[in-house]
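Labels A, B, C and D are assigned to the chains in the order they are written; within every chain, residues are numbered from 1.
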Amino acid sequence: MIEAPDLSLAALAPLLFVFGAACIGVLVEAFAPRDVRHPVQVAVALVGTGGGFASTLVYAATQDLSAGGEITAGGALAVDKAGLFLQATVAGLATLAMLLFAERGLDPARSAFVAAAAVPAGSPRDRELATATRVQTEVYPLALFAVGGMMVFVTANDLLIMFVALEVLSLPLYLISGLARRRRLLSQEAAVKYFLLGAFASAFFLYGLALVYGATGTIRLGEIRQAVGEDGGDVLVVLGLALLVVGLLFKASVAPFHSWTPDVYQGAPTPVTAFMAACTKVAAFGAILRLLYVAFGTEEWTWRPLIYGVAIVSMVLGAVLGLTQTDLKRMLAYSSIAHAGFLLTGVLGLGADGAGSGLAATMFYLLTYGLTTLGAFAVLTLVRDGDGEAGHLSQWAGLASRSPLTAAVMGLFLLALAGIPLTAGFTGKFAVFRAAIEEGAWPLVLVAVLASAVAAFFYLRVIVLMYFSPPAADGPTVGVPGIPTTVVLAVTASATLALGILPGAVLDLAERAAIFVG
Amino acid sequence: METVLPAEGLLGWSWLLIALPLAGAAVLLLGGRRTDRWGHLLGTATVAGAFLLAVLCTVRLADVEGRSVDVDLFTFISTGELDVRAGLLYDPLSAVFALLITGVGSLIHVYSIGYMAHDPARRRFFAYLNLFVAAMLLLVLGNSFVALYVGWEGVGLASYLLIAFWYTRPSAATAAKKAFIMNRVGDVGLALAIFVMFAQLGTTSYAGVFGSVGTLAGGTLTAIGLLLLLGACGKSGQFPLQAWLPDAMEGPTPVSALIHAATMVTAGVYLIARSAPIYDETPTARTVVLAVGAVTLLIGAIAGCAFDDIKKVLAYSTVSQIGYMFLAVGLGPAGYVAGLAHLLTHGFFKAGLFLGAGSVMHAMDDSVDMRRFGGLARKLPVTFVTFGLGYLALIGFPFLSGFYTKDAIIEAALDRDDAWGWILGGVAVLGAGLTAFYMTRLMLMTFFGRARWEPGVHPHESPSVMTVPMVVLSLGSIGAGFLLVKAFPLADWLEPVFGEEHEAAHVVAPLTVGLVVTGVMLVGVLAAWLFVGRREVPVTAPVRVSPVTRAARNALYADTINESLVMRPGQWLTRALVWVDNRGVDGAVNGLAAGLGGSSSRLGRTQTGFVRTYALSMLGGAVLVAGALLAVTSG
Amino acid sequence: MTLTYYLVLAAILFTIGAVGVLVRRNAIVVFMCIELMLNSVNLTLVTFARATGTVDGQIMAFFVMVVAAAEVVVGLAIIMSIYRTRRSASVDDANLLKY
Amino acid sequence: MSDFPFLVAMIAVPAVGAAAVAALPKGRELLAKQLALGVSLVVLVLAVLAAVAFDTGGDRFQLTTSVAWIPDFGVDFALGVDGIALVMLLLVGLLVPLVIGASWEDGAPGADTVREAGTEARSMRFFFAWLLLLEAFMVGVFAATDVFLFYVFFEAMLVPMYFLIGSFGGPRRQYAAVKFFLYSLVGGLIMLAAVIGLYVVSTSELGEGTFAFDALRELDIDPGVQKLLFLGFFVAFAIKAPLVPLHTWLPDSAAEAPIGGAVLLVGILDKVGTFGFLRYCLPLFPDASRYFAPMVLVLAVVGVLYAALLAMGQSDMKRLVAYTSISHFGFIALGIFAFTTEAATGAVLYMVNHGIATGLLFLVVGMLIARGGSRQIGDYGGVAAQAPKLAAVFLVAGLASLALPGTNSFVSEFLVLIGSFPERPVYAIVATAGIVLAALYILLMYQRTMHGPARGVVAPLAGDGPAGPAGTADEPGGASATAVLTAPARTAVRFVDLSRREIAVVAPLVVLILVLGVQPQPLLDIIEPAVTATLSDLGATR
């Protein structure tokens, strides 16, 4: 007679919201008539993500988290303060991303997504569909599944759950990154690359899981910690740790596991890119933090050099490679690689047994970066030419004189990404650097600041083009954003400013939320 | 030096000496065209007023106990241990200079009214002239080296403005710049001297410094002495900084008379005389002063023999005469008074000579080429007479000013009674001969012989507003020497400053000296008559001449040396540095940027777009990571 | 102990799979190599389950199979779509996105 | 009186003003100007009142305000001024209105026509908005007594200046703007690392981390760490100041910036570097300061001569002035690192005087360029004959920047040299040689542009008749930065003399130059206590 595992519905409510919405979405796809589908799907998606976001906050507010959080679902999930913060971040950012998905005002064909993914790109049917205003809505449930996966990912208390969550968040992403309405070849190529490499990476993760299991006889993070604590890190554990981390670094697009990032970011539909850049980053780093904090907190000195190394490689590579990019999406991809490096300085600030301020700092950075980059991609969707978005730098010349507001907002996001004070980017950078220096990693921080100086160059170049250059002759048109995009821009921009000027409250929240259980 | 009483009564107002001309300058400069009509009168009035005040102050000073008062005005700079108060020191020495400056100054202002009558910018001229008088008075009246330095650079500015008065002439602009720069070189010396004083004594006031000269090490004193000398050389156009003075003749002639003959250029002598307490302690520095004086004396005299530009000749004569003064003050207590006496008399007759030259130019349509003069004696009687008197005084014709003062210097030199003494004495005597030669040459070429005027030139005597000052000055050139040396000995007046005049045991009887000098002088005159007076003066200077002459015509290649030693290397260095800065320093930065860009595009190639390459990089990364970790933990 | 052989075998299979990903051009084959890697992991898990004497490992293996199956579905869909567009399943042909 | 939060007001007023000006509808250029001028004048009044409220005998920091800002980082929004900061604030308050006055005609049709092709005339609203925002940040950077806050303003200052240069600058403004931004950013980021390091040290020493200047001053930091932190701060300030060899951004930026921007850049922004030396490097890292002093002094003295020689080699007036400033910054650094009251006081006074003198020089050069439409010295000649007032002001500015006695700069330069001589005779002697070079570069420029016959873009006077149509055609466009031409030769024009507006702009500076030249003592009395306090933190000898 097996007794049912304990389930704290309150703790699972966020997940239930999202997955529930996802399932409903599938049903809607199946049964709702085409013409109502889009509004319904959008509603469902927003309810799902927004509800997920709200319910995390409600839960955090109502429950007594003095213990740091609860372990539920038969020990599979650890819904703890940090987990909730990350879940909330994911859900919140996802809500904004959903709004971007829902934008219909910009593309003449009323959607950024392909009408019929199955139709071969470039075929006569495809060409006629390209102009038709018919929209396909499967992206919404897919995206919701991904969101759900992410939210599980950051609360997984169990390597296997982590793996499953990894797949649940990845598989839909593979698909929706192939659904661009324009430049379908690129989009499909992105999907293939992302898929193959993603699968390859998850294989590594899985093998690492197996090795750790073999060495410690368990896959519960807490138990792994005990086991490792007792009989130090033998070869299997170390190998396992390495492979697990590799699997996660891939998702976090940290060099040298970054190579998919530029291609996929460039090829995927921009809303999807925004979604990936913001949410996947959060989820991946959430998992990394949890793994290193809970399972290998006592092994700090084992993984420290690893993180140290990849952080440097990632920052330098991202910053340097970004210099010569001519496509904005690709440039932002490299910037995201560099930022992954900065985030790792925060991870390094975890300190022995997570004693350092690294966890709080990294979580705050994730929030700020997510908001800023989401906003930046949102602006990209506005600037268009005959063939979809005008991603080429040269097309942005003199944008300020054509559309001052767009340029101003973009400028704000770029300054934030460059980490200029009074923007969220600076507060985040300061937090992670501080954490790292407290752990004595000042040489790394020195590299980091130099890297961010280099990175600043390509952010500045965009500003120079927008403001100081004469408008290009065949300049792009700046689309008038519909309500959804407007909301996204308003939220992200104001948040970027607010977290730069008065970050106190949120910092404090992150500070108090900086606890993992398990 | 003895305690200085605070000033009261009239002397308390002596700052008006400076304030008056300064106010004049301010009014004229700010007033603009409105003041065109009466500007020159105001300018003259302020200086004349200053002269009266100076006379009164000096009279009052005579019966002040200790004959020296201190006029404390306000705190200029006070921070840390540095406390510079703005104040004046009115003592016999400064009084003498104040009289000279305001006196000659007033005369030249009057003269300028006529001389500049037709210049549209006459107002500006008088403004600058007033500015100069104010600065010069500050220089001589200031009670600290800082105050002196302020005046020092002030007169530098005034001289810059006045030399460049006709600034549309490139030559004038260049000459002005040259003067200012070479002065600045000297000023560096003066500034450093002040720094040393502050570092060693913590003060820069005359009282403070001279009061504790005794506490200073010999080396320090010598350093101070030499640095001060550098400053003096710059301002007084002494070797090696003499080259600017002749070029300064680009300025209007009254300027040459006032600034570059009578007053400013003698500031160096004032500085050394004022710093007597320092020099008395450092024979080394004093010897250098002697050497500088002697060398300059000859350079000036030799160069003076070769030029055909009447003003240049007078300029070099000035250089040479100031050489005499340096030589004198370099002799120490024996020579201070002699030097200052010569300075005063020189102030009279050289100013007179310049005004005369100005009058001649006025008559000759501003030509300065003596080869185009000749036979002007009859046309310009007043000028001829006054100029002639100045000439006689300068060459030391018996019983005129120059005779007394120059002899005094030569006697003092000989009285050293050592090898130096004889050398210096010889140089001085030789100088006297040369002076006689070039001045006689000038006289002959200008006033005698056949008229070699440019066609269309109709010489005419200058208006009385110009001739009167010339007459006054010529009277000075007659009497000043006798008055200062015999009648009312300057020595007694300056006694509070330089102490008792010590009765020197004359090595050579004054009479003998007088005879010898006069003899040499006559030789010079005769030589000049032989070379110039007897035969026809060619209208254009002969080309094929002896190396000596050529050297003299080039002022012993002073400019050439400056150019090849300073200017050329300087320009070269500048050009080189500009290159270094653009290519090197900035190049490094831009190079770094370019390097980053290059490596970026090169690294970009690794992003081949082939999935399998990506996979390879991942696998490689994984292996690397795993290997590293194993190495870390197991090793 | 004999279980080591299984582990080594699994490691070899994993390596073969990884190398296969690198050397094969056809997307399908590449994908099958990845599947091979997953299955080698399954073998490892089962082996360890045996070693520790628990069934966790074997249960995990089932999880992995399910996940792998899901991956196949998604993967084939993606590969098919690009194949129909390009008439080729060679991963090397898909390199419009680079640098 | 002194309870009134002057400093907060001095930051808030221009910040709000900037927003207001930027928010004005298109085409309300005149209103924008008037509003901007009004706001900046208010700031000036506030600055003066603050100076009145300041008690020279009182505490080191006065008019203080402090509210918690980011508790998690231990950051307070803490403001307060000592004598040094106060005089800088006065300078800020003084220069901004003048700059606005000088830029009055910019963007006027006359000026915009000479913008190089391709760029349409930019609305000047944003120019003035950026200017005011910059003023707010400049006030903040000097008034901050919290290192974090200081850093925030320090970096934030870059943005408005970046846009001023980039949007309203000369032909190569893009290059100049980016170069300016990156140079400063590199320094700033390195300083950021040091700032955090300092915070961490304070955490380990005081238990909880703080950025409060007064608390940090009390720390005694291990010498090794001090050196690292010192270098972190020093690099940032040495780039800002700038010291050779980190100077090459300044000539480009100053040359391409609009005149208004150039004045503030050289007059105030760069002073943040020297201010930083004095406020942060010396008191926080005394041992390191003493250890590195010789190195800094060498840089300073080399800079004095090197930059002066380079100035002589320039053919572009704005670049020339920029190089003279670099030379002057050498003097300031010498004064600061000589560690004597006289020298340091002189250095602070130098910061003010240089702002006034070089500010004036830039303004006049701008007025010249506005008329001639060229930055090349070679294109000018004989201007004095046609624009005597302009020439006179130019001369005053020049004399001030060659530190002629009677002008303000003399006092400061004299103090720096005489103060550093007792401690560092060699450096002082070498630096003193610089005064000759100063005379050279100024007089060379003055002679070439003002003296001699009319040349280049200066049309010779047609007899003594009234100014012909050519003269009236070239109504002075103010210190129009946009008037900088790429085309070398431009039709020669009759130069009109200073307009009333231009006189109003330069007059205050001329007066200050002369007054402070004779009566520097009031300023010195404000400065000295702060300096002695700083040096006592350093434990300097005298």
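Criterion: a contact is a pair of C-beta atoms (placed from the backbone, for glycine too) under 8 Å apart; a residue touches a chain by one contact, two chains touch by 3 or more.
Computed from a predicted structure; not experimentally measured.
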Pair sharing more residue contacts (C-beta pairs) when B-C is set against B-D: B-D
Chain at the geometric heart of the assembly (C-alpha centres): D
Averaged-CA centre spacing for the pair subunit C and subunit B, given as whole angstrom: 96
Between subunit B and subunit D, centroid-to-centroid distance (C-alpha), Å: 37
Distance between chain centroids, defined by C-alpha means - subunit A, subunit C (Å): 25
Distance from the mean Cα position of subunit D to that of subunit A, given in whole angstrom: 44
Residue list for subunit B, restricted to those that touch at least two other chains: 604, 607, 609, 611, 615
For subunit A, residues that touch 2 or more chains besides their own: 192-193, 196, 200, 262-263, 457
Each pair of chains that touches, named by its two labels: A-B, A-C, A-D, B-C, B-D
Contact set on subunit C toward subunit B in their complex: 18, 21-23, 25, 30, 91-92, 94-99
For the subunit B and subunit A complex, residues of the former touching the latter: 593, 596-597, 599-601, 603-604, 607, 609, 611, 613-615, 617-618, 620-622, 624-626, 628-630, 632-634
Sites on subunit D touched by subunit B in the complex: 183, 244-245, 247-248, 306, 309-310, 312-314, 340-342, 345-346, 382, 384-385, 392, 399, 404-406, 410-411, 414-415, 417-419, 421-422, 425, 428-429, 432-433, 435-436, 439-440, 443-444, 447, 450-453, 518-521, 524, 527-528, 542
Subunit A residues within the subunit C interface of the complex: 117-118, 120-122, 160, 163-164, 167, 171, 174-175, 178, 184-186, 188-193, 195-196, 199-200, 203, 206-207, 209-211, 213-214, 217-219, 262-263, 266-267
Residue ranges of subunit A touching subunit B (in the complex, touch as defined): 192-193, 196-197, 200-201, 204, 233, 235, 238-239, 241-243, 245-246, 250, 256-257, 259-260, 262-263, 302-303, 305-306, 309-310, 317, 320-324, 454, 457
